[in-house]
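Next up: some structures, all given as C-alpha cells.
Same chain, two partners: chain A is paired with chain B first, then with chain C.
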Partner chain A sequence: MTATTATEGKHRRGKKPGVTPLEAEGLRLGFLMSLPAQLLLLFIVVFPLLMQVYVSLTYWGPLDGESWIYAYSSLNWFDNYGELFADGRFWGSIGRTLLIVVVCVPIEFLLGLGLATLFVDRFPGRRIFYSILLTPMMIVPAVAGYMFFMMFQSTGPLNDLFSRITGLTVDFVWLSDNDLAIVAVMIADIWQWTPLMFLILLAGMMGVPEDQLKAATLLGANAWQRFWRIVLPKMKMVMIIALVLRAVECFKIFDLLFVMTKGGPGIQTESISLYIYKLTFADLEWSYVAALGLFMLIALSLLAWVGLVAMQRAQARAQAPGGAEA
Partner chain B sequence: MASIRLSSLSKRFGQVTAVDRLELLIPDKEFVALLGPSGCGKTTTMNMIAGIERPTEGRILFDDRDIQNLPPSRRDVGFVFQNYAIFTHMTVYENLAFGLRVRKLPRTEIDRRVREMASLMRLDNRLDWLSAKLSVNELQKVAIGRSAITEPAIFLLDEPLSNLDAAFRAFMRTELKHLQHQFQQTMVYVTHDQIEAMSLADRIAVMNLGVLQQYGSPAEVYNQPRNTFVANFMGSPSMNLLPCSAVENNGVPALSFGEVGMLSLAQDDALLRRFRTAQAPSLVFGARPEDMEITTSDNDAGLAATVTFVEPIGPRTVVHLDMGGKTIKIAKEKRFPIGIGSRVNVVPPRGKCHLFDAESGAALGLE
Partner chain C sequence: MFGSRPVYNSVRYLLILLAVVIVLIPTVWMGTMAFKPFPEWTTATGELSWLPKNPTWGNFEYIFTGQTADLLVTLDRTAERPILASLITAVLGTAIAVIVGTLGAYAVSRFRVGNNLPLSVLQLRLFPPLAVMIPVMIMWSFLGMVDTWWGLSLIYGIVTLPFAFWLMKTFFDEVPVEIEEAALVEGCSRFRVFWKVTLPMVKAALASTCLFVFILNWSDYLIALLLTRKDWVTIPVYMNSLASAMGGQMYGCKAALGLIAAIPPVVFGIAIQKYLVRGLTFGALKQ
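The block that comes next holds the complex of A and B.
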C-alpha cells in the first residue's frame, strides 16, 4: 500500500516525459491563472514567516523602541527555543488544550454521528429540527461564550435547574472551580460544534448508496450490521475529514475561553492560544511568542501530515488496481 | 423452498396505481417471468415480494404463510438488483461472504462456501479484487453469487441481464437456467425482454399498467394471446393487428378490410370458430409475421399491399408493407427477392390467425 502511494506521488510531482501538448497547455494556463494568487501568497505567508524566524532568534520587543529590522542587535540564537522547553506554563497550556481536543472532538463526533443516523431517514418535522440543530454553529463564538458564562454562574439557570431536580441547594461555582471550569468550557464547545460534525457526517451518510443498503437488508443484515459493514466503511473519508477539521479547530480554541474564564481560575483553563495572547498583549514578549508560534506551526504541520497520510492510504486502498487485502 | 401466492395485491403511489389487484400463484421451484413494458408494475410487484415496498392492499403468502409483517431480512429471499448494488468498498470475497457473515456462520464454512460459489461463477481469480474494479459481466456474476450463496428459498431477479453485452447475455441466460436446476429455487424474474422471458421461464406473467394481462407457459402466451396487448408484446417483430369488420359475402362469413380486400373464412375452421364467438361486428385480425405469406400472383386469396421497405437481418428478411395506410411486417426465412414499391398479395396463414374484439381487445374463441 505504502509503495503504491509513493509511486503515485512521484507521478504527480515529477514532470512526466510524456506530457501531451494538451496537458502542457493546461499547465501553462494554470500557472498564469494562479500567478497573482501565488505572488500574494508569497507576500502574506512567506515574508511574515521569514520575519518571524528572524525575530524569534532575538530578544526584540516593543519596549526596545527599535524597528524590527535592527532586532539583530539583541541576537540570542536559540535562547527563546531553549526557554520554551523549560516553560511549564507553555506545556501546561498544551496539555489542557489537548485534553479539550481529546474529550470534545470524540464526543462531538459520536453525537454528530448519532444525530446523522437519525436524520438520514425522513420523519415528520425533520426540516425544523434540522434547522434548530444547526443554529449553535451559526452563533458567533464570543456570543455563545457569553451565553454559557451566564448559564454557569453560581446563581445561574443551570444550578437552579439542578436544585429543582434534586431538591437540594446546588451552588457550584462552575467557572471559578479548579476542575469544573474546564468542564464548563468543554460543554460549551460541544454544544457549539456538534452541529458541524452532524452536518459533515450527515452529508457523508446521505452519500451512502441506497441500493447497497437495500441489498444488505435482503442478504439478511439487520440495522446494526448495515451500519457497521456498509455505512461506516463508506464514510471513512468523510469521518477522517470531519475529525481532522474539528481537531485542528478545537486545538485553536480561544473565543469561548476568553469570554467564559479568561483562562482562570489562575491558569486552570488556559489554552495555548490564550497563553500566546497573554504573552503578546500582557507580557509583550514578542520574540518569545515568535519562537512559540513557529514551534506550534511545525508541530501542527506534523500532525496534519500524519492525518493526510492516513487519508491517502484510505484512498489508495479504494483505488488500488484490483489488489487489496481481504 | 416455497411457493408464492399474491392475493389481490395492489400498490398505489398517491394517485398512481402501480399494481392493481394482482392475483398470481407461483408454484414451488418454478421459474416465473414478470414481463411487461417500463412502468407496468413488475418491479413494484417484485419489491413487494421482497418486502422493500409495503402493499397498499392484498396479501403475499409464502407457502400459505402471510409474510406481511416479516421484515425483508427475514423473508429468506435472494434479490439481484438491476444495477447489481455490489458493495463497492469490499472485495469480491467479502461481497460473496456478506450474507453468510451477517448470519454469523463459522469462518471455515464461510470460506468453503465462498470458494465453492466462486468456482461455480468462475470468479476464482477475482476473489481478492476490489469489486469496484470489476467489469459489468463480473459484477453480474458477483451479484447472483452473493444472493445464491445464502441458498434462499425464493430468488428474485430484477432485469439482471439488461446491462450486459449481447454475447454475455446469451451466456448468462443459459447459466441462470443451469443455476435454477442446481439450486431448485422458486425464481421470479422481472424483464421487459420477451425473448429472455420466453427462453428462461416456465411461466410468463404479462403485465401492463399494473394489470395482469395473461399468465401461462411461454407457448400459451405466444400462441394464444388473451388480448391485443399480449399479442402485440410477444414476438419480434410483433404480431400484425388489423382492424376489420364481420360481414357476409354470398352467404359465407368473411372479414372485410375495406379497400384492401376481403377474407373469406370458408376454408379456415379455426378462424371461423373464433369468428362465431364475436359479439360485435367490429374486430381486430391478428397474424404473426412469420406465418404470413406474400404472393405476386394475381388471385383473390389475399389482401392487397405495397412493399415499402425490405430489412435483411441475418438469417431472416423482414418485409415492411403498406396495407391501406397501415404498416404490416412479414418475416421471410432467407433473402427475399422483391423490390420496394411492388404490389403484392398478402395471404394469412390458415389455422394460425387470431381474432380480437375491437373494443375490449380480448381474444375471441380461446379455449
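The block that comes next holds the complex of A and C.
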C-alpha cells in the first residue's frame, strides 16, 4: 500500500515528460476500469438530481397526462418548499423518526456492548452462541417485521406468554394502540439490530491490546477501571462508526414499520420514509415529494459535513502531543 | 478481560442464554407457525401452542399450488414466480455491483484513478432511498424498466455498489504490489496482471463479497415495492400482498414463505462471518 503511494506519487508529479510506457498503461487501464462505476454514478446521481430539482419547482404529478419534460407549464418556483415548512405531518414524522433513532440506537449500543464484553475471552460454546446471536440481523427485515407482527397480535403468543406468567388475562392490542404501537416497533428494531452493534463492538474490543490489560491488572486496576481507562478510549473510533452507521440506517426505517403497522394507528408510527411513501402512492404528489426529498438531502448533507469536520478535529486533537489519552 | 472466576462464568452463561432465548422466540414462532394447520394459528382460531400439535406441509402446499384442505379460498397467484424473481434480480444485481465495484476498486487501489469514487459511492448509502426515488421512478418508467427483471437488477446493482466497492478495495489494498511488479517485469500487460495474478489471489474474498452483496439484495423490500407491479414482484412484496388479498391474515402461509425467504441469507451470513464486520462498516474495521 505504501509502495503504491510512493510510485504513483511520482506519476502525478512527472506527468508531462517522465511518464514511462508502463505508467501510462496503468493510468489508461485505471481510467477504463473506473469508467463503469463513474457512468453508473452519473446515471443515478447527476441526472436524477437535476430532474428532481426541476420537478420540485412545479406542480407536476404522474396523472397530469403530460411527460415530466413539460412540467414547466405548472411552474410555481418555491411553493412546494414553502408548503413543507407549514406541513405539520412532515415535521411530525421527522420527530417520530428521530424518537425511534434516539431510543433504539442507544439501547442497541448498550446491549451490544454488554454482550460484547461477555464474548471477549474464550469459553466453551462461544462460536455457536456467537452465530446464534448474529442471526436476527441476517433475517430479511420485511420477514422480521412479519415475525413481530405475529408476536404482537392480541391473540398472539406474546399476550399468551404474559397471561401465563401473570395469571391474568393480558390482551394488549399492541399494534393498534396509540402508545404501544411505537413501542412494539422499537422492540422489533432493537431485536433485529442489536446483533449489528454486538458484531462491530466485539470486533473493536478484540483489537484492544492484551498486554496493556495485563499490565493494568498487575498494577492493581480492577475490571471496572480497566474497562473505563483502557478499553473504552481504545474503542472510541469503533463506537463512533457503530453509532453513526446504525443512526443513519435507523433514520431510514421503513420495512419493519410498513409490515407491522403501516404507520398506524392513524399516523402514530408514521416515519419520514413512510410519510413520503404515502405521499408518493396514495396522494401522487410527486413534485411535492421531490421538494421534500431535496430538502432532506440538503439537511442530511449538512449534518454529515458537520459530523465529518467534528471527527477530523477530534482526530487532530488526539494526535496532537499531550492531547492523547493515557 | 475479567479473569476466570466461577461466579462470573455462570452469570455469563445465564446472560448469554437469556439473549439466545430472546433471539430465538420470534424465530421459532415463525418456524413452527409454518407447519401449523389453520386451527392452531392464533387463539382466535383455536388454542395457542408453541409447537404444532398436528404438523402439516399444508401451508407450503397452499402457497405453491394455491389449494389445500384447510382453506376454502384458492390462491390465484402462487409463490414460485416471486421466489424466482427474487433469485434472478438478486443474483444479477450482485453481478453488476461486484463487477463494477471490483474494477473501480482496483483502479483506485492501484492506479489512484477515480479518487472521487470512495466518497461518491458512500453518498448512495447516506440518504433515505425514498427521498431520491421520484426521479428514479420517472426515469424507470420513461425507459420502460418498471416491473422488469433488468430494471430491478440494475437498481439493485447500483444500491449495493458501495459495499462491493469498499470491500474489494480493502482486499486489493492488502495484496502486496511486489507480486504484481514481479509479473510486470516478466512482461505481462497491466490487465493480464490484474486478471491472472491479482484476481486469483483475492478469489476467496471475491466470493465472500458476492455472498455479502447477495444477502443485501435479497433483503430488499422497499425498492421492489416501488419499482415492480405484478410480473416481477419479489418475495417480501408478494408476502405482504397475500394478506390484503384474502381479507384475513394468512399466518401459516406467510410464515412458510417467510421461512423460505429467511434461510438463504442466514446460511450465507454464517458462511462469511469472518468478513461481516468489514463489509458492514465499508472496510473501516477488520476482524
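Here is the rule we go by: the second predicted complex is superposed on the first by the 282 of 326 C-alpha atoms of A that agree within 3 Å, B and C clash if a C-alpha of one lies under 4 Å from a C-alpha of the other, contacts with A are read in each partner's own complex, and residues count from 1 in each chain.
Heads up, the rule we're going with is that contacts are C-beta pairs under 8 Å (C-beta built on N, C-alpha and C of every residue); 3 or more make two chains touch, one makes a residue touch a chain.
Since the structure is predicted, the reported quantities are computational estimates derived from the model, not experimental observations.
Q: With both complexes superposed on chain A, which partner does A:225 reach: first (chain B), second (chain C), both or neither?
A: First partner only, chain B.
Q: Once the structures are superposed on A, label A:258 by its partner contacts, choosing first (chain B), second (chain C), both or neither.
A: Second partner only, chain C.
Q: Have a look at where A:216 lands relative to chain B and chain C in the superposition and call it first, second, both or neither.
A: In the superposition, A:216 touches chain B alone.
Q: Going by the contact rule stated at the top, is it chain B or chain C that touches a larger number of residues on chain A?
A: Touched residues of chain A are more numerous for C.
Q: State whether A:233 touches chain B only (first), chain C only (second), both chains, or neither.
A: So A:233 only meets chain B here.
Q: Quick check on my understanding: which residues of chain A belong to both its chain B contact set and its chain C contact set?
A: Residues common to the chain A contacts of chain C and of chain B do not exist here, since the sets are disjoint.
Q: Name, in rising order, each residue of chain C that touches chain A in their complex.
A: Of all residues in chain C, those touching chain A are 1-4, 9, 12, 15-16, 19-20, 22-27, 29-30, 33, 42-44, 48, 50, 99-101, 103-104, 106-114, 117, 120-121, 123-139, 142, 157-158, 161, 165, 173-174, 176-178, 184, 189-191, 194, 215, 218-219, 221-222, 225-226, 235-236, 239-240, 249, 251, 254-255, 258, 261-262, 265-266, 268-270, 273, 276-277, 280-281, 284-287.
Q: Give every residue of chain B touching chain A within the complex, in rising order.
A: It is residues 50-52, 71-74, 77-79, 81, 83, 85-91, 93-94, 98-99, 101-103, 127-130, 132-133, 146-147, 150 of chain B that touch chain A.
Q: Under the definition above, what is the set of chain A residues touching chain B in their complex?
A: Residues 209, 211-212, 214-222, 225, 229-230, 233-234, 318, 320-326.
Q: Would you pull the chain A residues touching chain C in the complex into a rising list?
A: 1, 3-4, 7-8, 11-12, 22, 25-27, 29-31, 33-34, 36-38, 40-41, 43-45, 47-49, 51-52, 55, 67-68, 114-115, 117-118, 120-121, 123, 129-144, 146-148, 150-151, 153, 155-157, 160, 191, 195-196, 199-200, 203-204, 206, 213, 223, 226-227, 231, 238, 241-242, 245, 248, 251-252, 254-255, 258-259, 272-273, 276-277, 280, 286, 289-290, 292-294, 296-297, 300-301, 304
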